[in-house]
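Here come two complexes built around subunit A, the first alongside subunit B, the second alongside subunit C.
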Partner chain A sequence: MGWIKKILLSQKSYNQDKSLKHEQLSLGKEAPPLSKDLKENQSNIEKAFENAKDFKIENIHVGNREGMICYLNSMTDTSLLAEKIMVPLSNSSQQDRSITNLEEFESYRKEFFSGVGYHFHDKLHGLIDDVLAGYAGVIVDGQPKGLSLHVGNIEYRPIEEPSTQTVIRGPKEGFTESMDTNISLIRRRIQNTSLKFETMTVGKDTRTSVTIAYIDGVINEGILDEVKKRIKKIRTHAIFDSGNVEEYISDKNMTVFPLIYNTERPDSAAANLLEGKAVIIVNGSPFVLIAPTVFSDFFEATEDYYQSFFIGSFIRLIRYASFLIALTLPSLYVALTAFHHALIPTDLLFSLQAQREGVPFPAVIELLIMEVTFEILREAGIRMPRAIGQTISIVGALVIGQAAVEAGLVSNALVIVIALTALATFVSPIASFTAAARLLRFIFIFMAAVFGLYGILLCLFFMVAHLVSLRSFGVPYLAPIAPFIAEDQEDVFLRFPFFSNKRRPHYLKTESPLKNPESESPTPPRSKKGGGS
Partner chain B sequence: MQRELVEKISLTQLFILVSAFLFGSAIVVGIGGEAKQDSWIAVIVACLLSIIPVWFYTFLLSRIPEKNLFEIMEIVLGKVISKVFILLYILYFFYVSARVLRDFGELIVGDMLVNTPIEVISITFMLFVAYILYLGLEVLGRFSEIYAPYLMGSIFAIGILLLFSRELHVKNVMPILPEGIGPVIGTVFPELITFPFGELVAFMMILPYASKVRYAGKTTIFALIVSGLILAYSSFVQIATLGPEAKLRSKFPLLTATGEISLWDFIERVDLIIIFVVMFGILVKVSIFFYGGLKGLELVFNRPYRAFIYPMAMIIAFMSIIISKNFAEHISEGISMVPWIIHFPFQFGIPLLLFPFVLWKAKVLKSEGKKR
Partner chain C sequence: MKAMKLLLPSLLLLGLLSGCWDTKELNDVAFVTGVAVEQGEDAKFKVTVGVANASQLNVQKSEGNTPSVTFSLEGNSISELLDKMNVGLTRELRFSHTRTLVIGEEVAREGISGFLDYLERSGQFRNNFTMLIAQNISAADILKTTFPIQKIPSLKVHNQSSTLFEQWGGAPDMKLSDFIAALTSRGRQPVAEALTIVGTPKQGQSVENNKKLEPESLITLVGLAVFKEDKLIGYLNLEETRNYVWTQDLIQTTLTVPCGEEKYIDVRILNSKSTIHANYDGETPNFQVEIVAESFLNGTQCKDNLEKIETYKKFEKDIEEMVETMILNTVTKVQEEYEVDIFGFGEVMRRQHYQRFEAVKDQWDEQFSKADIDITANIFLRRAGTSNKSFLTEDE
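Right after this comes the complex of A and B.
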């Protein structure tokens, strides 16, 4: 691992090297303050938006004075602009309003632009930032302050069913790329003043809005401060997806396990908020982040809570089992066929050996061929244009299934192993989590090929030791299991019925530990005296 | 949410560590074989008797609170003399962990990976021990919480599966105490009392780091009793399955016994899977002895113990191979020599020697505290 350290260190010295100073793009550059002279302001703004085709600037009359309005037609809704700003401006009654000082400007705004989001700016770059975010900037001659009015309304993908975390029963809305829509999707579910949204801007060049949502009075203050601190600490030029943010605010990057949960489902985000977690919404990404996260979160789907707790618990156990299968089944195949024949029942051993008769490779090579083939197929399935998807699945099924066996490359039993492993990989509700099992699987296979069962056990030991050492925003990653917290077991391996689930998770150290203390079992209590039906 | 500077382990974790520590190699090599069919009685007797030394250890620690054995020695005996004793203890801890590692290596080589050289097992296993101790005592504690259910579960499952396989013959345990209590006492002293129970002296390095120190002693004794009973149960199962003679002859009686399990022609050769469980016990035992030694090195050389981990781990891997030529020698050393020459002085001798000094020093410290 030494060379990795070396690369990272070289990055550090690169940053300190003064000769390679980073030339910041103009949009973040300190612009001059707004002057009282309209002409000067206008030329400054025009210079800033030089060669921007979508930039519009118009000279207008505001009251009895000269003024100008500027906006980006790519970021604003022109009908909204016309209705809310242009119509009032052209109203004849306003023509004789005098605007000589700030109070008059303010009262002018109140009268004609009420109901439109606004800011006053005394710095030019503040105004430019707002224009970039979909505001219309209004400057009046002789006024040292500029007014920005919100007329932004950009076309976004409509609310659709989430493509990754699908459910049979439960809400089918998914987050979209628009942060405002996402906030509204959460707010619709939690109509409570305690639900807070705080926005900050991240990314020097992209200036992406990042919103932290939390429930005041529930989330642990320390955790909330830590989340805010880490987002403020992000030093990067560009954020395009919550994945970028995730990497910057994770406790540790040198791990294959995701330390922050991501979801496309508003109901999941809302439920997590109420448990005492923070939700991080990144503008432009339909995946919101949820922090802090523990290992068991990745085995919970929202649907567990929408159906009977018996089936919910059962499915959850299946998920844990499939994680183990996805992780160890191929390596167990290698270990058993290559080292420990004794563990295979005799009849099965005979048929296995008979199948492997014509196969020219040792078990591990046979397995690696198929594993790599499968990974290629999977990647192809994701990247390729939708239209050809059908073809590939047929080709894939043929390659993996029949042809490889008939060509004598692999044995039939191995195909079953690979297929089951592949299926088990897809069981976890969160895609980024299965990546861990996919990667570790190869290490397991390698160790099994060298050390047999002992190698697998050693790998499991290393994995668990690593997992146990991880933390997500200060919360131990394996929290309710290790360190063992008895009160939190009601929602880990099994989902207990709601009436017995009265507390928020202990490990989140919430400000109000009880969530529904009055809930009762629907079964009426038996009276002690008996009788009374 | 700040990380605490001193690593702490919870009482649950302490309980699990103590039990896993006691199962460790004891469950692998089999204990109390000399007592024949009464070895399970010997285990119970030894377990109950060893409450006294364990209580004594916790008493020593409680006199000068929040200090581990080596720090107490430093306070009581002064810097120079204590260093001699600490170095001796370090050697002892490292030697015992090498012995435990050897037990495990022989087990894997003998039963699982027949063609693999034992060196490979020692080195890979020590790499893991080094890794987990590098991550810290806290991580070891949480790690053991994950594996503890499997350990306990499988020990009970062995008995039940053997019962269903009709391999459990109670007549093997009869007659109880045919030659009186003599052979039992002969096994308890010196063998059982020093191995595995007396080895709890290594926990004098761990106990001060428990989160609720006041209950640490009680937890340890409780864990000692519980795991003593489980060891006795395991011993009983082994005798009932194999008979006293075969148990004495067998290298790893528990594995031989589990080898008898056969259900539906499907559940067979469970012994290979049991190794999984055994491995966890061994891990805890090696790690705790190793940790004790490393803490000593930290004190003597005044450097964080993490600096010593990898070189020392490799030295222990090497030691585990050179301590004896073959398994027979290893076991006979363990029975005839180690208890008297090595275990007794370090488990009872030096702590007893320390006792009056500690009492005196505690009094001095107390009066000093009052003056202030």
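Right after this comes the complex of A and C.
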């Protein structure tokens, strides 16, 4: 067991050893302030972008003065650059404008670069940051400030139908990797000045933009402050996906249950914003985060609200049942066939017994073989190149299906158990939540193999104890079931019709608790005496 | 962390509570579907178990072999014999799906409480299986007589008797727990179901029997075995069994009631409810049994016009009369012939007149045999099927 100790100790020494300093990448932080001398600035910038193949710098005339323009051609749209900057600069009427002070520089910008996003910088690193984000930097000789002009318009994946959380009825747009597009997708759905977006930069080395969206006057101030505080507190070098942010800002990491919801659907994000939650958009990730999150959120799909509340409620109940199936069905199979024969109806018992004749393994081994095979198959299905996808599904169907039975490895009933479990796993709309059931299932199987039904009960008992201990941004994870909140039951197990769903969730402690107090059940027009008007 | 320190040991401690270490795979055990107990030749008992051969019950795996195997041993205690069965059988026996207990006539006449105690005490058996008395035949033969539809004999018998009880009331709904309750009660004597084999038992002991349209031998239910304490003293036939069940909890039955010369109406009885009122008339106990039931006319051989309310009134009267005499005859027969209170009148007396019952509880069966019984039937004829006037009815 010495090696375990070694690993643990080495982890500890990283945390304690202060002499190990992280070599910070040069991101312009150390760069000096802008000087009035063009040559000095130019050489500083060139030094910062040394060996950057995509960096371009050109000497130009701005008005009657010497100047330079620099940009990253990887981050800018060259046609936009030519149209918005190069054409005005080459305009002969500007050649004799004199730029001697800041006011003249500003009026020059107004005249020739109007309608282009800009910043003035007096520090070199500010300018460099902008250049890195897709701006063109303009420096004029003798001017203490540099101008950055937004010409970034990078190619992104177009808006497509989301690959997760698909719907039959409802909007088919999904978020993309571009944060601006994502903000626009939300703004299109909530055209209201109360919708706010606040942007922060996270990640020492990647400098990723993270935007918090919320509805002012709805979201609980305390929750919003907590969200901001946690994002500010992130100390990491790199953020590539919202998954990274999620891990940093979750209330707790030692749990298999996701404490933050993620979605690829703008309508889902917009609806959650209006309920009083915060949406966190991470640049480069098509999955936005929604916080706070409760357990029942993972059983809701946007489609529940787009179709009749009868079918919406029914499907929601199916989802809860599927979660239980995905969690316990294999363990119930083990417990019943290895311990509690008396609980199986006689005819089914004989059928199961007949199938098990000649199977060489105990039920739990048989089950684990198939479960692990299925997990391998699933992982292979996700990871493998699309082109050979067909092959895997054929092989997989053979392995999991009849072949294993005919080979005498497993019994027929077990294949049904595995198949039903696998199907039930995919019913929850959010993939990160199904992972919880997938992992816990193995603990359940183990406990069932050792203790029978009693073990399953123990597992459920501890799972519920764990669930009630969880919080998401201070909101109890099992709300509104435990603590029980009667007025919030209208949207938990059943989806009540809109006319009776007038309040925002109580557990979110929103600033305005009523969302549509005037909604009414539709009624047919009453005919007045003497005919209608 | 502190919570974890508390949680982990408590989780481990909970493991100790487990009583189910006896994990057994399905293919390591054999399920006993029926147990037969009869007089042994050399010892007190001869016990036969019927074990299900599951693979022959499976449509895909069946090879046409026997669906059930039996094995017999002789000895003085049932418990020991059941554990010793591996003298002839391969796997560990499990009794959780045992559906029938067949008791031989000789054993039953000598008293069965000795081994009933084991069955009730052991956690292995469910106490809801059917108690059967094998009349005139060897009890083991019941476990050996095949049937094409329900292939395992014991399951067939179980199914047969519960269906007969539900459809016609010709079998008592007497499970092991009910039997023991009646045995311990002062105001009731137990009954069990009686069955026999029609045809030659030997012919029925092969799967070949299932290939005949008319089985060479067939298990049939013949009525009721009447007990005094734990000893068999006699039988009631099927009609009398139905009348007995009617005083208890009849689900439904069909009556053939005379409506003229050699003419009958067929009546389906449903929703029957019987209430018993107990009383003491001096030294003689008396009981009013009140039967209220709904009925449908299933068919008629008479010409009475079924469009007229009078016809219904007449028929209702006929049915009531018949039910009253029929049940009274059965009760009188038990009073005179067997002198045991299988109807539980004593229990009713105990509930309604506790003091009087306490005084006579040790001689209750004598009290019962001299009791006055009054049966009142109140039958409502509700409908007459899908047509009203019969084609037999002549237009007037």
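General observations
Here, the second predicted complex is superposed on the first by the 507 of 533 C-alpha atoms of A that agree within 3 Å, B and C clash if a C-alpha of one lies under 4 Å from a C-alpha of the other, contacts with A are read in each partner's own complex, and residues count from 1 in each chain.
Here is the rule we go by: contacts are C-beta pairs under 8 Å (C-beta built on N, C-alpha and C of every residue); 3 or more make two chains touch, one makes a residue touch a chain.
Since we're looking at a predicted model, the values are computed, not measured.
Applying the stated contact rule after C-alpha superposition, one finds that A:Pro476 touches subunit B and leaves subunit C untouched. In the superposed pair of complexes, A:Ala363 makes contact with subunit C only, with no contact to subunit B. In the superposition on chain A, contact of A:Tyr507 is made with neither subunit B nor subunit C.
Once chain A of one complex is fitted onto chain A of the other, the partner contacts of A:Ala338 are limited to subunit C, with no touch recorded for subunit B.
Residue contacts after overlaying the shared chain place A:Val464 against subunit B, while subunit C stays out of touching range. In the superposition on chain A, A:Tyr261 makes contact with neither subunit B nor subunit C.
By the document's definition of touching, of the two partners only subunit C reaches A:Gln353; subunit B does not. Put simply, subunit A uses residues 339-340, 342, 346, 451-454, 458, 462, 469 to touch subunit B in one complex and subunit C in the other. Within the complex formed with subunit C, the subunit A residues making contact are 337-342, 346, 349-359, 362-363, 449-455, 458, 462, 469.
Against subunit A, the residues of subunit B that register as touching in their complex are 1-3, 10, 12-13, 108, 112-113, 116, 120-121, 124-125, 128, 131-132, 135-136, 139, 141-143, 145-147, 265-266, 268-269, 272-273, 275-276, 279, 283. The touching residues of subunit C, when paired with subunit A in their complex, are 3, 7, 11, 14-15, 17-20, 22-27, 29, 31, 33, 52, 54-58, 61, 94, 96-97, 99, 126, 155.
On subunit A, the positions that touch subunit B within their shared complex are 220, 222-223, 226, 339-340, 342-343, 345-346, 451-454, 457-458, 461-462, 464-465, 468-469, 473-476, 478, 481-484, 509.
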